[in-house]
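Paired with chain B in one complex and with chain C in the other, chain A is shared by the two complexes that follow.
Up next, the complex of A and B:
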């Protein structure tokens, strides 16, 4: 396995596995709550956060995570009580984030070349310190799902029943959006802004096609994501392909196979 | 078959040497010459690639990982070069280290140090120090190679100095601010087109300012960038009747001129005509 003899590949696979598993689990909850497009909205909103962090000269990961967290919670706030439709709020932050990035680029010249690197990401260029940040975020995301799993399942299937069981709906929604924001920032690290939402949507969608229960959907989504990450990095390594495209391509191929199986078996 | 054996032998010899990687082509010839017979030198990104927006491929990262030493500009030239510095600490040599760099306000540091032969003397010495630090046994060979390179660079410097000292025009009007070091080191002045982004997005206001500046200084030409098709150049030609001359800023191999020295001589021939040097 020549692949594993390089430390940059090892770091890439480790990062990809953590990001893939975290985003796939979050994806199952988001898709079932009809919030699949939240990923695309927040990843583009994060573009604005990255631009600001470059303008201020601070670490892009932490500031972008905080920025995306703020934007995600604003989306949740303005959509609660149906004040603004959810899809419209996501479209708002989607374009708002990109507009912010373009404005920052226009005002502060000289770092567009650094900013554009975030559009497609490169998982094989992860540094040790970035790997540590990803690991910490990954464990925080896992901890959240482990602690609140039951409440989240209740909330996903029926807000009314969740209310009857004393689940604090508002708080829970804000927490889920916060975790989704963190997961999006992790996904940007792996596949870039443009493809980040695929990490959330595609493995979860595949799992929901073939799983027999909610729990199995979560497990299958994580497995599909982990498999696609390894397949994508291996293909990228041996055929000199862009890793982000290869990973997402792998995820879509698995989805295609699952869909075909579903169609044929019905 | 018999003919193939010596070729294969030579090939195996070149690959058995340690790999030295140079981030961009303008530094390649100088660094390669210094490492000659001790290192196998390769350039990382293609000469025509956009330095600012280049994305490293997997094979590029693999090369960086396999290289014993990696020479980067140290400015850095783009996110990709910055990333190389981050992931290969300990084997990176910043060729501009110790050099007084030109800061251009909001645009940032001017990276085009290679367009001044005087700066390349410092680059060559930096490359030599880098090689010696990982190959002390090869010091004699490396020192001999450095001497040869320095002689060539000093010849080029003398040629630039003597030619540019005899120019009637002392201003370098250029569509991209790439000639700052050349201007500073050889007693010229650079005027350039700036804008939202140095490689495009020029506002009409900035374009008008540039044209007015050229006219007010009595200039009838503008220097454009070879290998980079420019809408600006064609507008300047057709709308304002301004002549354009192409400077090979990125030292891209062109007909008959394939290495740093011949391309720099070609650039000087362009400047000689544009600046009316006697």
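Up next, the complex of A and C:
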């Protein structure tokens, strides 16, 4: 347990567990709402937010969170009236975010190295103040799912029945997108922009392959994510690997095992 | 006061072609009504307007005497949609679905009434078509509604399941005093079981007893004398 004797590792594991659990729970609902690709779109949109915060010299976490929240809700707004298809709107913010970051890189010299650090993240470099922000965000995300769990289950089943049972569909979609935006910003801290959407998609997808109920899908997704975070950080620590790659690699290995189990059992 | 009262209703999706034109309908409490009509006749659209999902282009809809624009008591209405578009790995069990719409006590009442106790812990998507329809009916009954709207509740079911669902609907109407309005393509089943038939083909061609519905149905389906002759 030499691993746990280091402060930075403890912070990394705590951050990873909170980010992993929050992303996995959000992922179950996003996949079932056919919004899995939203994670990839928002993480790349967040790249633009990070670039702006660098340029302005303000805390990247808060400004990026606000920026991603704004972008996510704009996507929801323009797709809710069905004038723009959801996947096309996500592709729009995906490329828009990267374009914004590239522009900022071109205008303001000297940030390139720092900005590229966000592409792959490093969970072992989380500071104490970042850990506090992650903890607050984690509890907000859990609170949201605890309060609206049943309404969200109904919403993933049938919008029409949900509407009739007094679920405010538009408001609920905006809240889910806001939570997804927050979770994406947290995931960027853990595994970087490129792999952030994996935190949302892979554990949830694994859980949906083997779960026997909605509740068990949420629990399995959280457990798969937590297990992969600990495994990834341990592998990164002992074998000097990039933590983001090791965490997501662990998630994909678990998905592979679950997929195999599903194929063999059917 | 009628449960559903529709006056001179018009609806168009694109502002050019009317899906519904001049629809008039008055449905009383406790009636079991079957709506029949060819594909594209506006049956599902009519339901969506009654449920407030679509706004009429013109005309008036009243539910329990109240204009639909101001109607808020949606718990008085239960709805079974035509088809669901859930993800293929949607994991929720029957119990979880019912729990998402009602209380434990009501779930027990519904499960006992519909005899779905045996598969409460099974995943919805792993049930047979008939069992899934029973669960959807259970969800529609969650708030103990006075009006039930069902969009093709027996479509694609085997004969036994069709009869089972139909018997439940008849019981809900006759013994529980609920108003049941059902869209169906199964004309034989509709004619045999409902109190009144609505023949819809953009407008209401006929609204009355099943006995008088034979000719209007032949007309809107363009099937000549086949119904009288016993042909399918």
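Structural remarks
Following the convention adopted for this analysis, the second predicted complex is superposed on the first by the 266 of 266 C-alpha atoms of A that agree within 3 Å, B and C clash if a C-alpha of one lies under 4 Å from a C-alpha of the other, contacts with A are read in each partner's own complex, and residues count from 1 in each chain.
The rule is simple: a contact is a pair of C-beta atoms (placed from the backbone, for glycine too) under 8 Å apart; a residue touches a chain by one contact, two chains touch by 3 or more.
None of the values given here were measured: they were computed from a predicted structure.
Once the two complexes are laid over each other on the shared chain, residue contacts for A:92 go to neither chain B nor chain C.
In the superposition on chain A, A:154 makes contact with chain C only, not with chain B.
Residue contacts after overlaying the shared chain place A:77 against neither chain B nor chain C.
By the document's definition of touching, of the two partners only chain B reaches A:236; chain C does not. Using the contact criterion defined above for the overlaid structures, shared-chain residue A:127 touches chain B, although it does not reach chain C.
Once the two complexes are overlaid on the shared chain, A:63 sits clear of chain B and of chain C alike. Residues 31-32, 34, 150-151, 153-154, 156-158, 160-161, 163-166, 208-209, 211-217 of chain A touch chain C in their complex. Contacts from chain C toward chain A in the complex involve residues 51, 53, 74-75, 77, 79, 81, 84, 86-87, 89-93, 96-97, 99-101, 121, 123-124, 139-140, 142-143. Note for the complex: chain A touches chain B at residues 6-8, 105-106, 108-117, 120, 122, 124-125, 127, 236-237, 240-243. Those residues of chain B that touch chain A in the shared complex are 51-53, 55-59, 61-62, 65, 77-80, 82-83, 86-87, 106-108, 196-198.
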